[in-house]
Amino acid sequence: METRLVVSSSPHLKTPESIQSVMTDVLLALFPAAIAGVVFFGWMGLLTMVLCMVSAMVTEAVILRQKNIFGDGSAAVTGLLLAMTLPPAPPWWLTVIGGVVAIVIGKQVFGGIGNNIFNPALVARAILMVSWAGHMTGWLSPVDLVSTATPLPLAARGVSTSFLSLFIGTVPGCIGETSAFALLLGAAWLFYKGHICWRIPGGYIGVVFLMGMFFGGMGSLATMVSVGLFHVLAGGVMLGALYMATDWVSSPVTPRGKLIFGIGCGIITMLVRLYGMYPEGVTFAILLMNAVTPLIDRATLPRKFGEVTK
Amino acid sequence: MSVMKDLSRGIIRDNAVFRLVLGLCPTLAVTGTAENGLGMGLSATAVLVCSNLVVAALRNVIPNKIRIPCFIVIIATFVTMVDMLLNAFLPALHAQLGIFVPLIVVNCVILGRAEAFASRNPVLNSAADGIGIGLGFTLALTTLGAVRELLSKGTIFHANILGSGYQPFQVFGFPPGAFIALGLMLALFNMLSRKFRLE
Amino acid sequence: MLIAIISLGGLGLLFGGILAFASQKFAVEVDPRVEMVQEALLGANCGACGYAGCSKFAEEVVAGNAPLGGCTPGGAKTAARIAEILGQVAPETEARLVAQLVCLGDCSVAKDKFIYHGVPDCKAAMMYSGGSKACRFGCLGLGTCARVCPFDAITMSEKGLPIIDADKCTGCAKCRNSCPKQVIDMINARTFHYVRCKSTDKGKQVREVCERGCIGCGICVKNCPQKAIRLENNLAIIDSFICNNCGKCVEVCPRDTIV
Amino acid sequence: MGNIIVIIFGAIFINNFVLSRFLGLCPYFGVSKKVETSIGMGMAVTFVMTMASLVTWLLEWFVLVPNNLQYLRTIVFILVIAALVQFVEIVMRKVAPALYEALGIFLPLITTNCAVLGVAILNIQIGYNLFEALVFAVAAAAGFTLALVILAGIRERLELAFISRHFRGVALSLIIAGILSIAFMGFQGMM
Amino acid sequence: MSFKTFKGGIHPGYFKSATEGKPTVPARPPSLVVIPMAQHIGAPCEPLVAAGDEVKMGQKIGDSKGFVSAPVHSSVSGKVVKIDSCNHPLGRPVQAVYIESDGQDTWHGDVQPRPDYEKLTAEEIKKIIREAGIVGMGGATFPTHVKLSPPPEKKIEYVLVNAAECEPYLTADHRAMLERPEDIVTGLRLVMKAVNAPRGFIGIEDNKPDAILAMTKAVAGDSSIVVATLHTKYPQGAEKQLIKVCTGREVPSGGLPMDVGCVVQNVGTCIAISDAVRFGKPLIERIVTITGSGIMEPKNMLVRVGTMITEVVEQCGGFRPNIRKLILGGPMMGLAQPGPDLPVIKGTSGILCLTDAEVELDEIRPCVKCAKCVDVCPVSIMPLFIGGSVEHGMYDKAEEFNAMDCIECGCCTYICPAKRPLVQWIRMAKGDIAARRRK
């Protein structure tokens, strides 16, 4: 035989999925929310997203000395996710710094893809938020692009926002977080492809809802439910629960661990929202739970087949 | 000759912060500005030199078993003195450094030098070692302070460097920035020392 | 002033007393020589001595279970210091040993019998038909030795063979022990000429798979002025005690196997 | 009672000794390679810190203050702590050799752990009563342990990563601590 | 009757249509057979013949004194040419007897039918099975008589016939069930008798309805045997998973099926047992599926043990020019071979030829902790952490993540988007851990 055969370990069948294809799936899933961002916040939203993605991808390509700027697609996802957590019209340099920080501090110092302990986009957002709090809270109303406050602090002052606008996304907020509808649409795609499971988002959103219900101010059942629902829809919980907390690398790998992770995120988010200094706690909550992920994994190793329980 | 060697070694080659990674608490805590870093560095240097001198002088007197408590008492004495001096002559700096002045006493750099060097070497060498290590420590603290001050305020030693239009990278003024800045500087130092084959 | 002195002194006395009492009551015997020996070692925990790390070796040396010169990387210097600590005479250390790759079959001269795809590690490749090299004795070139070397003395060449830096090599033999093909020998650092092949196959088979393998032709045996070379199982072997490094064998070897 | 909760929550989360007060950093980066060791270290620190708080508080209010000797505080406190640690070390070596083996050289490090002296001095500076001081010490140690165990978990996980050699070791740990520190900032304003 | 499924598992493409409709054809009698002395797990056999000896078909030509071992028999009549080493599917050359066929296929005198086989005692059945050299024919090649000899304190309650055939591509068992259902049931009854088990199961995946029908018909009227319809999911046919699904029992970690009162036999093994007991025929031939897009005419063939693969492939029209991988067994657990010059052995269930298009040579990427391997692992271990630990040489850590419990089904490696060779790493860990435990 003239051709040499390939010898490798079994199995000899492999799934067609690759890291690149999965990252493309995630980008597709973020597409509806990105469209919503552009629709609501105009060309500034688009510019921010593009700038952030490019800055992240270029940084990664430079560090890894790779010619293909898209690479495995993970930098693009990080960049887009970061852009979605930025306010609608940040200064351009803020966006660029964010992309660089996300890739360098959030990812490459840990050894690159797969090794980052924390969600790179959230690391960058947290650093930006601490550094330039003013720029990071420059909210615009999506209707007329006038500066305004987001629903969460408004609610604290007693101003309510309609559920419909929260669901559609016609409320002030970060570029990608306002439209629950678009986020759910993209998440449905990820569910369909089997890239995320219900445990993290379910635990997260469930706890936010319940804590919103019982600690957000007592009242009649209807009020309590609406407060719970408000907390789920307002702010970054949807984006965080569906896209940030479910980030493979920085979340637990065991089924039980995932549920614990989601619940933990929910509790910390609500603690920050209800009792803390910051109006929103999603970033802190997910970063904190990222930090304890290795411990959660250790503690929740599944019972192996045939293990005799003592 | 060997005295000079003992003196120079501590500045870069055996730099307490960047090479030995000791004395991190004050390094991170008081380096919000270059000035504070310098102040802390010099205070620590003063204690280090004095304690090295005394330890080296008494090295044959102190029984081996209780040497550590003895060293600590010696160091603590000098720390208390520095504390009082700072309070008297530089009250503003003293307030800035806060609890970290008395905490010089537990700075592992100082105890480490007493244990590893001064207790085994003659007085002159020990003093030189103390000065070298102390200068290295001061250098590290001042550099870190300068970098953090520059990034978080746009100034160095309160002199405006980056202009009034600079949007300060405030995270470097806070605890997280201290960790991150030192981490990055340490990595840079590792890289440079590999390049110049310091090890 | 007086009170200060009294309080401090009193405290000192009190704590000194407690500690003295405690150290008597809870004393644990530790041989201080163990610590001293440990300080004399390199601290690389390479395991060349055969014990679990430097501290264990130090314990065993002091207990008399391990030889003074047991620390191969440390060499004679370390042995002398250990001897000094233990008050013994340092042993005559043998010649310095370094690792030598005994295969020249890089990808330009040695054929592959199939394409191996999997974990890039020689031991892993061995599990599948003994690795992809057509020569069953040849180096697989997947760099297991380079990864286990604690002293960064081994790098992989572009043609897929390890290059051993004899200056950095301390003779710990970790690479030899990790090589599944056993193509690394520990040789005297002063050896100049060595048959760089391990194939005991017949000449024809060797020719089929490798351009530089020893075919057991015996030309070197005939031409060696010292009669230091013999053939065993189709493989030339140089006796390093007789060899005087004249270099004749290198000249005559038709396949450049002796280097 | 509310006061006590504020002390506990504050010392663990809001003003975490390691991540926000910069105390106890040397052992923090030194002993955080394995989760088991870090738990042991945390327990040892908790024990020493509580004991030290108790003794130093008593000394301060019954010896130093009545005699106007506050200027001797640093020297007296560190002496007490040094003696205490040595005592614990001697006892542990005999009674629990396994634990001693695990903590090994880090027991002497507790002496120079500024967290221990720090908590003693802070107790006095803030003016806690004895009970509050003890609670503060335990909570601060718990905060230290929490940060330590988290970092150890992360570093264990990172054993599986191929980290650039410039960042390997303390450099990366510092950056992780920085990110942790940001994450802990989320607790600000609570209580 | 449908059964609950097990945790984990995957749904790869099945690719069975090429051969599942093709009846088994007997292969041309080979002119030369190469019979390796090691065709089973355990001590290899010693040759009982020497070069130049005349042998008959079914004559025992190799045996071993070891308990965990099975004798080998000549699959042709003719003359022993030489005793030399030959390639073996496991990758290491082994000793083999080369026999040139005289074309007569005359049976050896010991091969005699037993018309009164139903009166045999359990011990006699076991002895016949051992002498016939029967081993697990699903691929594991564990000597069957050893499986049937549990220590006296272990009571066997169930005998399971593993007819799931969950490996993609393979159809050998499927065809056997369609063509020889009665023999399978006879074999099962003999095993039940040998181990004194009251109940039998025949587990078949629900993608083979015709086989289910055929087997149901064959066991009709026997209430002690149940034909279990199983979900189509890989690895449904893994021993422990099959037991869990059929009986609800879980084989303890590190234990054997007999620990929960079960014995599992492959379809082919049952047929071999039936042949051996009823007709005295030792195991000298088996059904092999020759398939894959790298072969001209995929077929199911009845092949003599010792026939060279080259010869078998020739009868299927030969390889296609773009063949890239030759696998003995199925694609999930089969062994890739460097070339076709090796014989068919007792455990060769399939010859799978894959082409360029199907052989991916992907770069190994870093683990992104997608946890898909954790989700699909049927034994609930942590393939990602074992792989990572071995990659960094930390074998003791691999042990903590239960590397030793791996059944090497390959689900984790199949599903990994980072294309990490997890099974291979786990195998390395198992080798290292086993070596350390022996010390």
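As written, the chain order gives the labels A, B, C, D and E, with residue 1 at the start of each chain.
One rule holds in what follows: a residue touches a chain if its C-beta (ideal position, glycine included) is under 8 Å from a C-beta of that chain, and two chains touch if they have at least 3 such contacts.
Note that the structure is a prediction, hence the values are computed from the model and not measured.
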Message = From the C-alpha centres, identify the chain that is farthest from chain C.
response = A
Ask   = Looking at C-alpha means, what's the farthest chain from chain D?
value = E
Key: B-D or A-D, whichever has more C-beta pairs in contact   = B-D
Task = Using mean C-alpha positions as chain centres, tell me how far chain A is from chain C in Å, no decimals.
result = 50
Task = Round to the nearest whole Å and give the separation of the Cα centres of chain B and chain C.
result = 41
Remark   = The distance between the C-alpha centres of chain A and chain E, rounded to whole Å, is 47
Multi-partner residues of chain D (each touching 2 or more other chains) = 72, 75, 79, 83, 86, 160-162, 164, 167, 172, 175, 179, 182, 185
Ask   = For chain A, what residues touch not just one other chain but two or more?
value = 5-9, 105, 109, 111-112, 114-115, 127, 130
Inquiry  = Which positions in chain C are in touch with at least two other chains?
reply    = 12, 15, 19, 23, 113-115, 117-119, 124, 127-129, 132
Ask   = Can you list the residues on chain D that touch chain A in the complex?
value = 35, 149-150, 153-154, 156-158, 160-164, 167, 172, 175-176, 179-180, 182-191
Chain A - residues contacting chain D, complex = 105, 108-112, 114-115, 117-118, 123, 126-127, 130, 268, 271-272, 275-278, 281, 283-285, 287-288, 290-295, 297-298
Ask   = In the complex formed with chain D, which residues of chain B make contact?
value = 21-26, 28-29, 68-69, 72-73, 76-77, 79-80, 83-84, 99, 102-103, 105-108, 111, 171, 174-180, 182-184, 186-188, 190-191, 194
Note = So, in the complex, the side of chain D touching chain B is made of residues 19-26, 29, 71-75, 78-79, 82-83, 86, 108-109, 111-114, 116-118, 121-122, 125, 164-167, 170-175, 177-179, 181-182, 185
Inquiry  = With touch defined as at the start, can you tell me which chain B residues reach chain A in the complex?
reply    = 167-172, 174, 176-177, 180, 183, 187
